[in-house]
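These notes open a run of structures that come right after.
The following pair of complexes shares a single chain, subunit A, combined with subunit B in the former and subunit C in the latter.
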Partner chain A sequence: MTTATAQITPLDAAPPASRQRWIERFAGLGFAAPAFILLVLTNLAPLAALAFLSFTNYELGALDFSFVGLKNFSAALQDSVVRRSVTNTLLYVAIVVPGGVLISLLVAILIHQRKRTRSLYEVIYFLPVTSTLIAMATMWQFLLHPTLGLINQALKGLGFAETAFLSDPRLVIPTLAAIGIWQLVGFNMVLFLAGLSAIPRDLYEAVDIDGASHPIDRFLKVTWPMLGPTTMFVTVTTFITAFKIFDTVAVMTRGGPGGASEVLLYAIYLEGFQYFHMSYAATLTLVFLAFTLVFSVLQTFILDRRVHY
Partner chain B sequence: MRTSTTIARPPTPVAIRMRRLVSLALVHAVLIGGAVFMLLPFVFMLTSAIKPPGEIFEATFRLWPRQFYGWQNFESALSTAPLLRFLLNGLIVCGGILVVQLLVAIPCAYALAKLRFPGRPILFSLVLLGLCIPVQAPSLPLYIAFAELGILNTYLSMMMPFFLSVFAIFLFRQFFKSYPDEIIQAARLDGVGEFEIVWRIVVPSAWPAIAAFSIFSVVAHWNDLYWPLIVVSDTKLATPPLGMMYFADSELGSNYGALAAGATIITAPLVIAFLIARRRFIAGITMTGIK
Partner chain C sequence: MAGLTLRGIRKTFGDTAVLNDIDLDIADGEFLTLVGPSGCGKSTLLRIIAGLESQDRGSVSIGGTSVDHLRPHERRIAMVFQNYALYPHMSVFDNMALPLTMTRLNLFERLPLMRHLSPRRRRVMDEIAREVRAVAEQLRIETFFHRRPGQLSGGQRQRVALGRAMVRHPQAFLMDEPLSNLDAKLRVHMRGELTELHARLGVTMIYVTHDQIEAMTMSDRLAVMDHGDILQLGTPADVYDRPATTAVAQFIGSPAINLFPARVGPGGQVELLGRTLPIDVRNVPAPELTVGVRPEAMRIGGGPCAVTCRFRRRENLGSESILHFDLVASPEVAVLCRIDNGMPIPEGEVTLAFEPRDCHVFDNNGRRIEVESRNAASRDVRRASEVR
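This part shows the complex of A and B:
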């Protein structure tokens, strides 16, 4: 209709460019509105509420609350459960990050050179990523049973003493970390495999001509430097995943024995959703956010530069 | 040292072949050792699911039981816990989340990629900010709000926090940006509205990104325990992981054969989907690269 008018009186009709601009504004706002509203409702407003709550003494069901300033924060600093949770989480991260990155790098390099067996190994190593961790954690619990478990029976057969992996306070976090690594090696391996296939072949040939044909030389001179960005990304993602450990603790140990496997997210879950100390849990969530924020920002920054087609 | 000998005296073909064979055997030994560790709980789960109680913890591990007990285990698993209901719940929740995520994120991503409108830079900054916030962070205020609204223990409460995926917006925006402007302009000149341009012209070309995101979303929400554990206390509404947790905690938790059978049922759908669409899964992870 507009085009028809434009043909009759070209001078009166709005020029197509400005009409187009107007349509774009209208459509753009309309298309973005549902996302924006949901972003406010499910992300931004809750974050603001979280910050607000952390300065109050609100508990779920309470009719009334008051501002307590930084009391929650100082209480958190002195809370032995919080301290233990932070230490345990950091210990878990300190095992899972190097383990999960280096093992998956090794697996990826070994698999990358296979031809016939590559897809078989790929499937096997990736399997834990798609499986429901809760179900598999239950199976690990059986396998790790101090007397009946298959792993202890194997250890006994090899002449070692029975080991209570999940009820020994010194072993519980390393054991959970091993399961954490088991779960994410396949995921990281896939990212490393993609990185490896992006390395140009002639780089290896150039190194061969230089006389450095030993696999370790090839790794140090070509693979490692060329994989730099992938390694960086995998490390950051692994850190964030490891920091969010919750499932295995909730199912296998519930923070035990004697608090030896209490972790931050589990502490938040208990405070907020079991004891309903909302304001205190909000404070702990902010602590959790503070720890992950640097890495999340880094991840977003890399993603912004990395995703391309 | 080894290199110097190689230079001085070229090794015989036999020596080269021997060395290659040894290194190949070493590589496979490492990979098979790792594979055993990766498969251990799966093999244990599948074999326990068909063993009678007395055989599960026998000192010598055998793959096939002396007495096949699979029917009994699966039957008692299915009759004591509504496992199929858990799977259905998982399907409803994951499906609902994914559909709304796509309906909300695709137009927004298109607007961010191709339309000039006021507030666009701010919105994109908010999307990047949203990417930095772990899903567990807003859960406390959302729980309070849902409790006040009286919608805890509903499918809606399980899905609502995930309706907006900033990651989907981010991923699709990148994809749409590379879509040629000329085609969009030509469609506009033909009188095609923006709505139709998105859904009929741009979306079909973004199929790989949509598939990748869908896989990422379904795997994440099918396996999520944290949020369902918080908002659901009604067993009938439990998703697969939550149902598994109830199951393991119940009296039946000591019936290891049935528990392994239950774990098999809970784990099977996604694992089978992965085995069928292996290439898509792996391409999806490579493209999205985030959990």
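This part shows the complex of A and C:
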């Protein structure tokens, strides 16, 4: 037995232990390098440039610039547009996150039970995800048109008053949020469907035998707890997506009426690419990143404790 | 506690018949095992009894009353699943308490926030905690009440699953291959524990397994199933000593029974590979027969009942060995012989002999045929084998 082993791995073929360790170390670094370089080039370096810019008064196309310290930040704190953008974004997020998560969960549960029609419904709900929101925004603009739009026609038919969804300052953010939810539901639904499929059938049978045959019990005892990890992931991604609200605002309202739909990313876009205040845009971007980071970390920590894996 | 009666249970999935008119009576307090190869319909039958699956025809009665229209939990049975099906997000205590909270608290009292509003709830929960603790002590699992199933070993999870079944004091326990996820040593141990548990509780247990050793060691009676039929129903000794078909003979017993092709001679005597055996058969549908001999009934040496074999290899099991041979007459037929260690190991061609009373004779359809021995020496054995 021992001779056989010795024949398979001759002693002279094995490098000394210290050399082996060096080889392993370099191989490890070599494998990690591509990912690391990409991360630096696409994420860390731009972030550093952004932080650098936010302390200057650089404008797009300008030949030189000077350091202004925290002036950009104090300006942002007093800027009414920024304040309005932050509140509008938060309001938008506050509607889209619960709406987008709960509606997609409901849809996923309803579709999951279908056998033959399941794929049909999946396609229907997933379509908004595959389409470009710019094109869809135009369609929504038409649907929501105060006089010609289908939605107003339907409302009128039901006896309600004509509603100007996009030009009423109180309604514009909820309307955009509804469109945001519409676009998100399909994607979240697919995630929830995957989560639902991963729940062992055994558990439903066990709960059936144990007496929890009421749908609410089945949901509370099995479905909801077992979907914990999925729900956490969906909530965090929905939150980040909602925070990045930009395209519907840019295409449909341009921040109007009267700044009622100004959002953070749109304000950054205006400052940077319309007014060429690159340094100020960089400052706002940092604020935006800080918001996303704080919320993501908070959610992850709070939810993580309550989620069972 | 109650007995069960199955009448004419039939089930098809699409075009495939899974169960063909199963009739089965299970006595109160009996340990009955449904055993058979995978796909034989045993699990489906258990799931029909549980109410997780509905039969196409036939009826299930528990304790004399039909339960066909009842939902699983209304049948007052408990089930232990192969993967235990413990709720992974609940502690051991909550897992075990769930069947009781479900039946004793109303929906309102079970809701996550509302439950704090019910004064009755605390009283009921205290009572449930006492009962769960009592069961847990029996199974020695009260020390990890607050752990989750993921933190437990396979054997501990198995106990928790049993405990969850026991707290409800069900009319019958249904077990679907509960030991198949355990390692070999633990499986042997749990086999003993289950048998003791059955003796202590005295409750009806229906146990599904594909492992014939589990079936043989634990059951009061076992039902050998294949292709949706019960091939044989009887005590383990019954099934082992008098297998009703070649399929049962092959399935029960390890190492597997030796089956030899044989013919019936002009006088009704059985001819095995040119030798005339001292046994007769009558009224056989076709001249082709199969003679089965268990490996432990074979011995090296001559006699009126014998086959010539070539030795191939030996499997040492410690106290005994399984010897593998080929029939010289038709080398594709493998022959097994179990001998105590210490006996000489043969080489080359040897003659393996067996007693006429150890022969199981089957007709061309694989059904058992009763034989008559001509030999005076085996008359007493013959009488014993004609008891049924």
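Convention: the second predicted complex is superposed on the first by the 251 of 309 C-alpha atoms of A that agree within 3 Å, B and C clash if a C-alpha of one lies under 4 Å from a C-alpha of the other, contacts with A are read in each partner's own complex, and residues count from 1 in each chain.
As a working rule, a residue touches a chain if its C-beta (ideal position, glycine included) is under 8 Å from a C-beta of that chain, and two chains touch if they have at least 3 such contacts.
All values derive from a computational prediction rather than experimental measurement.
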> Counting only touches as set out at the top, which of subunit B and subunit C does A:L39 meet: first, second, both, neither?
Replying inline: first
> Where does A:I209 make contact in the superposed view: on subunit B (first), on subunit C (second), on both, or on neither?
Replying inline: second
>> Contact-wise, after the overlay, does A:P169 reach subunit B, subunit C, both or neither (first, second, both, neither)?
In response: neither
>> With both complexes superposed on chain A, which partner does A:L220 reach: first (subunit B), second (subunit C), both or neither?
In response: second
>> So in the superposed three-chain picture, is A:I240 touching just subunit B, just subunit C, both, or none of them (first/second/both/neither)?
In response: first
> Is A:P98 touching the first partner subunit B, the second partner subunit C, both, or neither of them?
Replying inline: neither
> Who touches more of subunit A, subunit B or subunit C?
Replying inline: B
>> Looking at A:V190 after the superposition, I want to know if it touches subunit B, subunit C, both of them or none. Which is it: first, second, both, neither?
In response: first
>> Quick check on the superposed pair: does A:P229 touch subunit B, subunit C, both, or neither? Answer first, second, both or neither.
In response: neither
>> After the superposition on A, what does A:A27 contact: first (subunit B), second (subunit C), both or neither?
In response: first
> Across the two complexes, what residues of subunit A are contacted by subunit B and by subunit C?
Replying inline: 211, 214, 308
> Hey, which residues of subunit C end up touching subunit A in the complex?
Replying inline: 50-52, 71-73, 77-79, 81-83, 85-90, 98-99, 102-103, 107, 110-112, 148, 164, 168
> Touching subunit C in the complex: which residues of subunit A?
Replying inline: 200, 202-203, 205-214, 216-217, 220-222, 225-226, 228, 308
> Can you list the subunit B residues touching subunit A in their complex?
Replying inline: 2-3, 27-28, 30-31, 34-35, 37-42, 44-45, 48, 56-57, 59, 61, 103-105, 107-108, 110-112, 115-120, 123, 126-128, 130-134, 136-145, 147, 160-164, 166, 169-171, 174-175, 178, 188, 191, 194-195, 198, 219, 222-223, 225-226, 229-230, 240-242, 244-245, 248, 256, 259-260, 262-263, 266-267, 270-271, 273-275, 278, 281-282, 285-287, 289-291
> What residues on subunit A touch subunit B, complex-wise?
Replying inline: 3, 20-21, 23-32, 34-36, 38-39, 42-47, 49-50, 53, 60, 103, 106-107, 110-111, 113-114, 117, 119, 121-136, 138-140, 142-143, 145, 148-150, 153, 182, 185-187, 190-191, 194, 211, 214, 233, 237, 240-241, 244, 246-247, 250-251, 265, 268-269, 272-273, 278, 281-282, 285, 288-289, 292-293, 296-297, 299-300, 303-304, 306-309
